[in-house]
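Order as written gives the chain letters A, B and C; numbering starts at 1 within each chain.
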Amino acid sequence: MTATRTDNRKKNRLTAMVLFTVAGSMVGLAFAAVPLYKLFCQVTGFGGTPRIAAQAPAAAPTDRTITVRFDANVNPALPWRFEPKKTQVTVRAGEPTVAYYRATNWSDAPVTGTATFNVTPFKAGEYFSKIDCFCFTEQRLEAGEEVAMGVEFFVDPEIFNDPNTQDVTAITLSYTFYPAAKGKGKKGGKPRQAKAKQAKSLGPVSVAGRPVKG
Amino acid sequence: MMADQETAVAGGHDGGHDGGHGHHPTGWRRWLFSTNHKDIGTMYIVLSLVAALVGGAMSFWIRLELLDPGIQFNVFGAGEEAAYFQFYNVLVTGHAFIMVFFVVMPALIGGFGNWFVPLMIGAPDMAFPRMNNVSFWLLAAALVLLLVAAFTQGGPGTGWTIYPPLSNADFHPGAAVDLGILSLHLAGASSVLGAINLITTIFNMRAPGMTIHRMPLFCWSILVTAFLLLMAIPVLAGGLTMLLTDRNFGTAFFDAARGGDPVLWQHIFWFFGHPEVYIIIIPAFGIVSQVVSTFSRKPIFGYLGMVYAMVFIGFVGFVVWAHHMYTAGLDVDTRAYFISASLVIAVPTGIKIFSWLATMWGGSIDFRVPMMFACGFIFLFVMGGVTGVALANAGMDIAFHDTYFVVAHFHYVMAIAAVFGMFTGFYYWIGKMCGRQYPRVLARIHFWSFFIGVNVVFFPQHFSGMAGMPRRIPDYPDNYWGWNYVSSIGAFITTASTLLFFFIVWRTLTAGEKVPANQWGEGATTLEWTVESPAPFHTFEELPDMTDKQADE
Amino acid sequence: MMQRLTILAPMTALSFFGAAGNAFAGGRSEPWQMWFQPAASPVMERIIEFHNLLFVIEVSIVTLVLGLMCYIIVRFNAKANPVPTKTTHNTLLEVVWTGVPLLILMVIAVPSLNLLYYADRIENIEMTLKVTGNQWFWTYSYPDHGGFEFDSVIVPDDELKEGQPRLLTVDNEVVLPVETNIRLLFTSSDVIHNWAVPSLGLKLDTVAGRINENWMRINKEGDYYGMCSELCGINHGFMPIHVKAVSKADFAEWVETARKEFAGAGGPAPVRVAETGAR
């Protein structure tokens, strides 16, 4: 009897250890969800996450065209005006195109901003690639400064072959500018541009100037 | 009888965990330091009753506020509408947290689970009696912390879903949300410890011959629930920790401004949140199965089907979470997947419903109060279930999301059905727990008043919801008045019925008839009916041998 | 706006529906409404059509279970049936009640997926409306019409004019043309809100830092009301939506005046006079 009881205690402890491990790994999974979700979005274009391409596609552009629309938002905490220079452009699929936004710092102090972005419809995310973008890095504007910010992108011609995206005639590219390094934490946020290793900074450039490409 | 004379043996039987407590501790020590599964179970039930008063009062306030258009109870005075609206949001939030974490879960899992899992499998106690004590007191501390949070700097008015950015430091700057998060952390730790204890007990401490496929369905339901807790709660804990560090230590998991994604929180929350719904309802399935079988005087119909339906529900519960997020802005293909997966859940739930009906079919049914509540449970669960099938469709959800239709749906399935499960268990087992019978006539009045009351509350909410009334608002356009008024009348009936229930508890404990070991007769075949009533402090020192008994099917 | 409880005097409350009822012109709920608001868009028409199917299935299932329970209560109570059977298995029955629900689910799933994809496809778009949620008002902008934008804030109870519905009336309603495919872009400047108009079959979150997209087509002229449908803080119940659908010609005319009225939008963030209060 006593022997069985001792066996039972050992068995109980072993079971509990296994169960604690399961619980612990579920906590781990919750944290792992953060990078995994990000990766998942980037790989699949989930939630309208555009792709990042190192260079323009090798294949020649097709003749089929698609409309790309531009949308701009500014977080109320950022004293900027920010708007697309053109509401929309019509591009040939596969052809790299540069579009510009205009940003003005209307406060009397230099401010650094950083932009989040996505495209709609979400299902077009995996066919929309950015080669270069002002959103890859933080942008600093002096007091009263107005700059043009460029984004170079192309639409993958594959979008015309996917049955899911047959209805897509226009893709909207949206940016939201936030103040950089906002928040009360002393350690600061995670650097948001870290993932864009291959990106070259395009702006800010002066309104008159062309983007300086490396 | 055995127990009191053989306490020394009992110490040994507890596997040494309880070695120092060979005597029957008395007074406050008996409760504060309790390692006895029955005492801890009782404490869980008492905690649930206390929390039910608080959470019920909150919902009554909400219904009173919505009785008429306009603002009725601005306790902060004219000109302080903002404070009152925040308070209203805190009521909405607090009602949900309290009912989910401190009423239903403690009663069904901590209370009945602790009391009857060891009794039904023929174990002398839980596998880890001291850990059991820790689980309970963590939950008690969590309840206190949540109530403190509600009265701290305006309280957490985030809804129980705690969606950032509303729940982040910019929009809820005070300590209220932090305290709420800590409260959930404690409640979660309590649940995980409890789950580990229950699983270990069920796996390792079944009496000889009590094979896993002979185990009563209530034990199966607790086993499935414990696994859901074990897998789901840690995910919530992880998410809450991220939210806490976002709020206080400058991380940016859910802050779009710094590269986070608020929608990720919704995924994490509902990955926990959907299994949580089953955590609430599956133990009620178990109780109802026992009761239906007992009072039909028939073994349960399709035992294996019932078991694996629960297991399947638990499993699929983890892959349907985004049906709570159809209007959050998800890819269309994602929504298509979640429609299909969510619809599939209707199949095992259908199996359960029809198996209960088939158990009753051909039975010789004694409609005692527990059986009445079990039948009420089946009806309410079907009512909530069919609207659930409607809500699983993302296209349909455009019309229903965040309306009172959803409120009606989830109250039918996980609130009042779960509460009917609790009442079923209470009336079924109260004789075993305290040795006294409930007053029969009052209990029948309680059933009918509660059944009518909750239906009057929640059925009209389908109409308000279809007409487009959003949830979580303290005032509504005047044309929504009619059904809200009816709903609030139902709240009066339900509240009166709840007070009657507390009176019944008191009458039972003070003036109930004494009951024998098996008060329900030949239909009650599970092991708890073999020990005297009330169940002695220590049971099954001599493990019952089930080897030659017929399997419970 | 304290009102006394009318627990025993429902007529008091009914009386003010008289006034509201006279002004009723569709696009919002009616007193004692038990069904959907009348559809004013192709998506909502399809939602209601799909729900008609679902409703039949729901009622059949509830009736079946309730009928079986009633039969059981009458036929198999202890008096009527003193000796219980011992049946615990019936393979055919178990296969049927697993298989039939599966078939029913397929009957549901096909139209459900059709509806989902229909509501998602955005074709032949003629104009765009952008909706921004704020605590606690909406900002509307018309990027295809010069990009003017304006705020839409609730009108408090004491400033309502005759016939304006309480909690649904705003200072600047969003004006849109009928029989036009409109692209909707949603975003937020702070917490998550949700732009919902029941009669147009629309409900989508506005999330800061990203846009969501949807579309609509309004069948006929009229006023269509909605409310914020995601808990967004203190005044969540007080940020209504009022869509005023007009003919294409009237819309063109309105755009001309609105351009002037709301000129200078997009400049430095204007001081916004929303309802105040701590966040």
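Here are a few things to note about the model shown:
The working rule: a residue touches a chain if its C-beta (ideal position, glycine included) is under 8 Å from a C-beta of that chain, and two chains touch if they have at least 3 such contacts.
Source: prediction; values computed, not measured.
Taking each chain's centre as the mean of its CA atoms, A is the chain most distant from subunit B.
Of the two chain pairs considered here, A-B and A-C, the higher C-beta contact count falls to A-B. Of all chains present, the one whose mean CA position sits nearest the global mean of protein CA atoms is B.
Look at where the CA atoms of subunit A average out and do the same for subunit C: the two points lie 31 Å apart.
The mean-CA centres of subunit A and subunit B are about 41 angstrom from one another, to the nearest whole unit. Annotation for subunit A: residues touching 2 or more other chains are 47, 75, 116, 122, 176, 178.
Chain contacts: subunit C has residues 120, 190, 208-210, 212 touching two or more partner chains.
Shared contact sites, meaning residues of subunit B that touch two or more other chains, fall at 256-257, 261, 263, 329, 332. Remark: subunit B residues 12-13, 15-17, 127-128, 169, 192, 195-196, 199-200, 203-205, 230-239, 242, 248-253, 255-259, 261, 263-264, 267-268, 329-334 touch subunit A in the complex. Those residues of subunit C that touch subunit B in the complex are listed here as 1-3, 5-7, 10, 13, 16-17, 20, 24, 28-37, 43-44, 46-47, 50-51, 54, 57-58, 61-62, 65-66, 68-69, 72-73, 76-78, 81-90, 93-94, 97-98, 101-102, 105, 108-109, 112-113, 115-120, 135, 165-168, 186, 190-192, 194, 196, 198-199, 201-205, 207-210, 212, 225-238, 275-279.
By the touch rule above, subunit C contacts subunit A in their complex via residues 120-125, 128, 130, 132, 143-144, 147, 183, 185, 187, 189-190, 208-213, 266-269. Here subunit A touches subunit B in the complex through residues 2, 5, 8-9, 11-12, 15-16, 19-20, 22-24, 26-31, 33-34, 37-38, 46-47, 75, 114, 116, 122-123, 164, 176, 178-179, 181-190, 192, going by the rule given at the top. Listed in rising order, the residues of subunit A touching subunit C in the complex are 47-48, 69, 71, 73-76, 79, 81, 83, 87, 106, 116-118, 120-122, 167-170, 172, 174, 176, 178.
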